[in-house]
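Each of the next two complexes has subunit A plus one more chain, namely subunit B in the first and subunit C in the second.
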Partner chain A sequence: MQGLGRLSQEQIVFGLAVLLCAGFAVALPGFLTTNNVLNLVRSVSILGILGVAMGLVVIGRGIDLSLVALMAISVAWTLSLIQGGMPLVQAIGIGLVFSLFVGAVNGWIVAYVEIPAIFATLAMGTLVYGFGRYYLFDLDVVYMPPAGAPLLWLGQGTLLGVPVPIYLFALVCLGGYLFLRYARGGRYLRSVGDNILAARITGVPVRPTIVMQYVLSSLIGYMAGIVTAASVASMNTRVAISTYVYDVILVVVLGGIGLSGGKGGIRNVIVGTLLIGVLLNGMTIMDIQYTVQNVIKGVILLTAIVIDTIVNPRDEQTAQQGDI
Partner chain B sequence: MAVSDRIVRWRYRLVPDHLLGEILTKRWVDNAIPLLILVAVAAVFGWLIPDFFSSASISSLMRQWGEFTLIALALMIVMVAGGIDLSVGSTFALGNIVALALLNVAGWSVPAVIAATLACGAAVGLVNGVLVGYLRLRAFLTTLVTLIIVRAIVDMLLLKYSVAIAAAFVDSDLWYYFGEGDVLGVPFSVAAALAVALVAHLVLTRTRPGWQVLAVGGSRRSAHNVGIPVRRVICLTYVVSGTLAALAGVLFASRLGGAGADTGVGLEIAALTAAVLGGNSLGGGRGSAAKAIIGSIVVMIMVNGLVRLGITRGGSSLLLGMVLLAAVAIDVRWLKNRMKFLSKVYVSPTFAELPPAPPIEGASPYAVNDRLRPVEAIGLDRIDGPEDVILDEDDHIYVGNRTGDIVRFLAPDYTRQEVYAHVGGRPLGMAFAKDGALLVCIGGMGLYRITRQREIQKLTDETNRSWFSIIDDSRLRLADDLDIAPDGRIFFSEATIRYEMHEWPVDCLESRGNGRIIVFDPNTGKTQTVLKNLVFPNGICMTHDGRSFLFAETWACRVSRYWFDGPKKGTVEPVIPDLPGYPDNINRASDGTYWLALVGMRTPAMDLALKMPGFRRRMARRIAPDEWMYPNINTGCVLRFDESGRVIETLWDLGGESHPMITSMREHRGHLYIGGILNNRVGRLKLDGADEGWTGQKSYWGQDAARGRA
Partner chain C sequence: MTPILELRNGTKEYRGVPAVQDVTFTLHRGEVHALLGENGAGKSTLTKMLAGVVQPTSGEVLIDGRPVDLPTPSEALKRGIAMVYQETSLVPSLTVAQNIYLTDKKRFHRLRGIYIAGQQFLQSLNFHVDPTAMVSALGAGQKQMVEIARAVHHNAQVIIFDEPTATLTPEEKHQFFSLVARLKSRGVSIVFISHALEEALQISDRITVMRDGRHIVTDVTSAFDREKIVRAMVGRSLSDELYGRHGDRRTRPAGDKVLSVQNLSMGNAVRNTSFSAFAGQITGVFGLIGSGRTEAAKVVAGVLKRDLFHGGQVRLDGRPVRYRVPRPAVRDGIIYVTEDRKIEGFFETMSIAENIYLGAMAGGRSRSATVSMGEMRALAREWIEALNVKAINGDARVIELSGGNQQKIVVAKALVQKPRLIIFDEPTRGVDVGAIAEIHQLIGRLADDGIAVVVISSYLPEILQLSDRILVCRQGRIVEEFDGGRTDEETIMYAAVH
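This part shows the complex of A and B:
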């Protein structure tokens, strides 16, 4: 058994993250302070939560490009409802129902209308953003009203000296892990991602499973949105049309969840999040221009996809015509 | 005829149901839905905004449309090859900023600027092409990432040069001509887009590279297997796409002369909507320049209409998202269900009332008997489906075989057989020409000639195209039986123009006049349709006067006579209007009368069903073809009649014990040879009192010709 060949992508990425960490620690003063490390983990925990959502969909051989747009619009709507004087719980409930509904529509379009997932969710992201901007609110940024103050703890509070978002990230990871590992739905999800035809033949309810994965992703996305809104006391809806969702994909692909589905788990998301977190944090400390950061992230994502394609080559026999 | 029957008959005569199925078989129907959407969108916005189509508003739209169409065309070319290029919006912005920077800041000359900008776009396309084509990455995700990277590069360039660009002034008429000039009264960008569209159309439909692109999109694996360099073709489509996007960027730069952060943002969604709405399939293989143009016009009208209506950016992205989803949904469902739908609606029965069937018992000339019982079998189980049987002067038997061969059984005992000629297709009716060549109608191929040296020659496989038929009826689908006039002209029947060989019983469910009789003149080489709208014309036999022929219409259960010469030229006369079964081949008998095969007998249920087209249509739509009610084509008989239509005798083998399934018979030297299209043998029956020396060749071509041939 050759040494490097036996290493999984997960281990390589983890190693890279550690190396990068060590490099930054040596090169950048103030990187390896407790404060900065907590700050680092806190800042990427939202990305990590979104990564879990995306990871679940990608394991089921889908992709959800509407994740961030849906998160932004549903949470922004919640905030504006609270502003309008609605009780906190009711507003959150409405936002959540909206989010789940759009997730179910996504799933229905992918599973029943049979539009390619990447396409359906891209269009859905545009649609949801347009819907929110046109019908729900007028401003780009919706601020957290005083009535929403109890929520702020979720984003800004600490527990035993550790920021709350980190607990939330851990909680979502644990939930995702248990779901994938022990729940029937999780097993269905993995089998659908691995080989949809075989899953169908063995009696897995393939289409409901696909709907479920998008509903799950919208649920987790909504949670991430609430945490986002709580940490900065506002929701900037322009994030919906930014490249943020590709950071999420970057986390997932870099962590080692193959885009062809069926492979990987929550651990991959954690590792990917760590690497991206270290990278982003380091670049920010080095004061690299935002646009240059974008180029760097893009190139890394491209490299990750190339490696993913080489490691998990598309099977020409089972790849479907029109699988773009 | 009852009043209700009359109503039904007029209903089916006036409403051409069969056209729906025929339209659906056409490729151009793919363009019909986008075109309808275009008309609807134009009508809606024209109605909402009173002066939407006024010339001032149009001319400002036109230049934008030209640039947008270039992007849509770029996307179309990539999509046709089965990929997708989302980076077009960023490449467009890159083209814009690069052109402006080179012109305003670096001070290059205009041609050099254009060349460099296009090269820049091509380079972006090349990166995409290498990644997607050679490294086989997923096109969608890869080009999304290049979209981000190129956009970030554009932002970096903007930070650096936007002030310098805004400050500089370009003194070049050529440069402003691109943005503001006209070509023959048409804005330059529109002219450029139309030129590119024309080239793209010609390349895709008329040249080898274009076909390769379509082939790769249609089926990547098959394209690879036939030797097309799949990876290179895919890579090149991205290069073309990048170049076109950069060209659009140059035009944009020339028109507005400025660069902003939002240039080309979201353009890929709009262009994608345009391409898909026009009918270019995601996944490739189906697409054209015309479709891209239709789609781009629709999207342009919608987006600008919303702006004119004062709806904000959110509204237009909501609408674009919905339209995109709807268009893709239609595209996906249409591709998936088109053939299913077609197979449901293609069979379109019509009203057909047959005259009452004469009895087949008692004193009727059709009375059932056992006279075919003594038939002996030739080549039993060694032949499959001899539709027609013919014998030459040396008494060898020739039959068509299902495997596409003409098989010859050798005289005198017919125990030895050989493949006389392998013609392919499905050999049906046969006749010997004066020079001894064997003429044969081949289902699926046309009319062929096999010389005595066994050389196979195509005589004809197409006839004149009808002006108003939707399906292309010039090509022969089901040439069935033929006979030769004394002057050498060959008259042959084509049973149906709507069905292929193996589906011939389905034509009965329609019982429309789908068939025709065609003449081929070997002297001029011309093929001409002589009689149209016949109900499954089948057997053809020259009468003894040499001026007319008899022909049988199977599903109409009648035999008619057509004069092609003489005083009655061009007229059709009924001979036997009311047969008790479905007639097939007709051939001459030795005493100047004619033999006729009935392939099956009519049944009261089928006769009734023919008067109920709605019933048959529901049947064809709702239940599987195996369960359909078909005419009986198992039990038939042979009968002899004269030119006046009098039936002289009938030969039956009730129960089919010696010879089931009869489609043809041929008299030769006192014997009758019987063939059947679903049979495994040739039957032979000794005829009492027939002329022992009579052969078909002598009857047609005289004693001398027959002897000379032998």
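This part shows the complex of A and C:
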């Protein structure tokens, strides 16, 4: 709870996004066109859905570096199964089960074997990408076969003039919000992220909760993957070894979900997504080199964190954790 | 005589809220000055101003009568003022000698050199600490010795201790007191904050009592007694209510045997110990720190990891149980209320209501898969009222409350789980005097309601006042049992130390 007159990181980032948007709108002729705005939100939706997945894990004091790799491989596999003539629903089912299974293994390694999440999921990401490329399909890019056409609507269709991915992003956000606020599992997840020792003593099923958070992230990740594949009618598995997963983390951290766990919620993901989405889109229109974009992203993240610390200093008293 | 250190009309505000208001505090050369007050009275803030940790909003600090500016703790240290915190500021992965010489003027040291110098230096202070030992391997008392040695090494003329004895065993306390005497004979002035009034009366020359950020009284120690200090601290006399004559009290009869532990062993901490707890009774467990009392309780409640469990049997209502994690124990009604609420007690990003409701959910009281906001708020209201928690409403964060109120929330979170056996580990540690009485009354009510209550404490008056039965723990074993109504402090202490 912030005192009056103090801005939270969430509000700062939201302000930045609005400023940036206004700046681009004035400076870049192509920015405010309907086409570009739709394109922007569509691409941002996928980042946002992944942000929700990552956000849930980070709130539970974990991190899922295998998120993007798993998404790419399980969806690419789904596409190649469809290509091979398997019925759509069955192919999607297999891809989903694979994704959930890997998520559960992630959770099991983190919760029961007690490997730090950052290492467990880093290794899992590499494993999944290598496994997929070697055993499941031959090419880097798997195209959406004609039989998969019904899926295209999820990525390219519109409903009442608004692209479908935006509805899906909204839906995932709503689901995440309700889960964190009203579901028993969501409460458990927050308690584990906040203070795992206290959660354990209170009788929260700590380990199953950790497994659940990785399963959830793989589920939402799979959804994001289907939307991605539907938008561009293909899945480029090289995204698994790109820095895309760090963009997702950027969204989460920038939005104000602390890596120390327990803090923040879905609103933070939305705000972070907005800023990063606007930024990436604007930079692409300006034709800024990819490497320079990384510099800018890094500077933005540092700036946001620094401003947050200046505006909201850690309380001298609580930092000392003594009495007054 | 000019005081060596003085704060004149000091005020410190945090976000406009005064923590210390217009306090003048003087420290004479070579005196031991006890600073007393409830939690939140402003003691720590006052000493932090003196040690350069925080800056006064108004007022000035004087050393030897000259106004000085102390922007940082290291500036204060240069002028001979050192502060020793309750949570130590040593680097655990360095050795004792490395810690002592860490902030030395000389930037590079030979390891052998500082070990030899450290050995001589520690010996000159009569501290029995190995300079080559890793700090992480030391006990609380030894860590404190190292902190003090470091302060003395920096030629501190004034050493400020923040609750120095809170984590020490009685034996270590004795060492600490003789150390204070030695420092004093070297001309060092000492300020120490404490909740233990007997200690203050025993070792200080002067006493200052604070309340609500204000200075209440300063006088020579001989002008005080326990009663007078408590009255000054709380503005009312609580002493009888708190630690009344336990002799007049009737003990409760034992109900059914709820818990029975036989030949329990766990590592070196718990050795072949046996004890039981009965419904409707308070079983007090007294033991020095390190006697295995906490570990035994944690094994019973499934809190400790299973690979440490070496054997023995735990029976709940005659049925053998063995919990690998706390959850099934909680479901069976065995609740452990931790001694360290900051580390494993509550959820700091959650509100009071969310904390309590989480207890209800995890304890199996609320079976539904979704959270009912109405039920959550009602539960919070109920417990805030029942335990007299001082908070605006259930939406306040636990971290913003005082120690006593935080403890009440931790207790409420345990009680919503409907315990049959509840284990309080140091239920009043870091809790202000007013809340201690309330928590004690609450514990009594629980036993009256037929719950089996176990209270672990290293504070004898607390054990004597609360317990119907007293178990004494020593070196990992329950060694003696007393009837709560018919024993005294010396008898118990005798059993605990021999």
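To be clear about the criterion, the second predicted complex is superposed on the first by the 290 of 324 C-alpha atoms of A that agree within 3 Å, B and C clash if a C-alpha of one lies under 4 Å from a C-alpha of the other, contacts with A are read in each partner's own complex, and residues count from 1 in each chain.
The working rule: contacts are C-beta pairs under 8 Å (C-beta built on N, C-alpha and C of every residue); 3 or more make two chains touch, one makes a residue touch a chain.
Treat the numbers as computed from the prediction; the structure is a model and nothing was measured.
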Touched partner set for A:131, first subunit B, second subunit C, both or neither: first
Contacts of A:235 with subunit B and subunit C, given as first, second, both or neither: neither
Which superposed partner A:102 touches (first subunit B, second subunit C, both, neither): neither
Partner chain in contact with A:189 - subunit B first, subunit C second, else both or neither: neither
Which of subunit B and subunit C A:123 touches, first, second, both or neither: first
First, second, both or neither for A:262, with subunit B first and subunit C second: second
If touched residues of subunit A are counted for subunit B and for subunit C, the larger one: B
Touched partner set for A:246, first subunit B, second subunit C, both or neither: first
Overlapping contact positions on subunit A, where the subunit C interface meets the subunit B interface: 316, 321-324
Subunit B to subunit A touching residues, read off their complex: 82-84, 131, 135-142, 144-146, 148-149, 151-153, 155-156, 159, 219-221, 265-266, 269, 281-284, 311-322, 324-325, 328-329, 332-333, 336
Subunit C-facing residues of subunit A, complex: 1, 3, 181-188, 190-191, 194-195, 197-207, 262-263, 315-318, 320-324
Subunit A-touching residues of subunit C, taken from the complex the two chains share: 14-15, 19, 39-45, 48, 53-54, 85-87, 162, 213, 301, 303, 325-327, 329-331, 336, 338, 342-350, 354, 357-359, 361-364, 368-371, 373, 397, 399, 402-403, 413, 417, 430
Residues of subunit A defined as touching subunit B within the complex: 63, 109, 113-116, 118-120, 122-134, 241, 243, 246, 249, 259, 289, 291-292, 294-295, 297-299, 301-302, 305-306, 309-310, 313-314, 316, 321-324
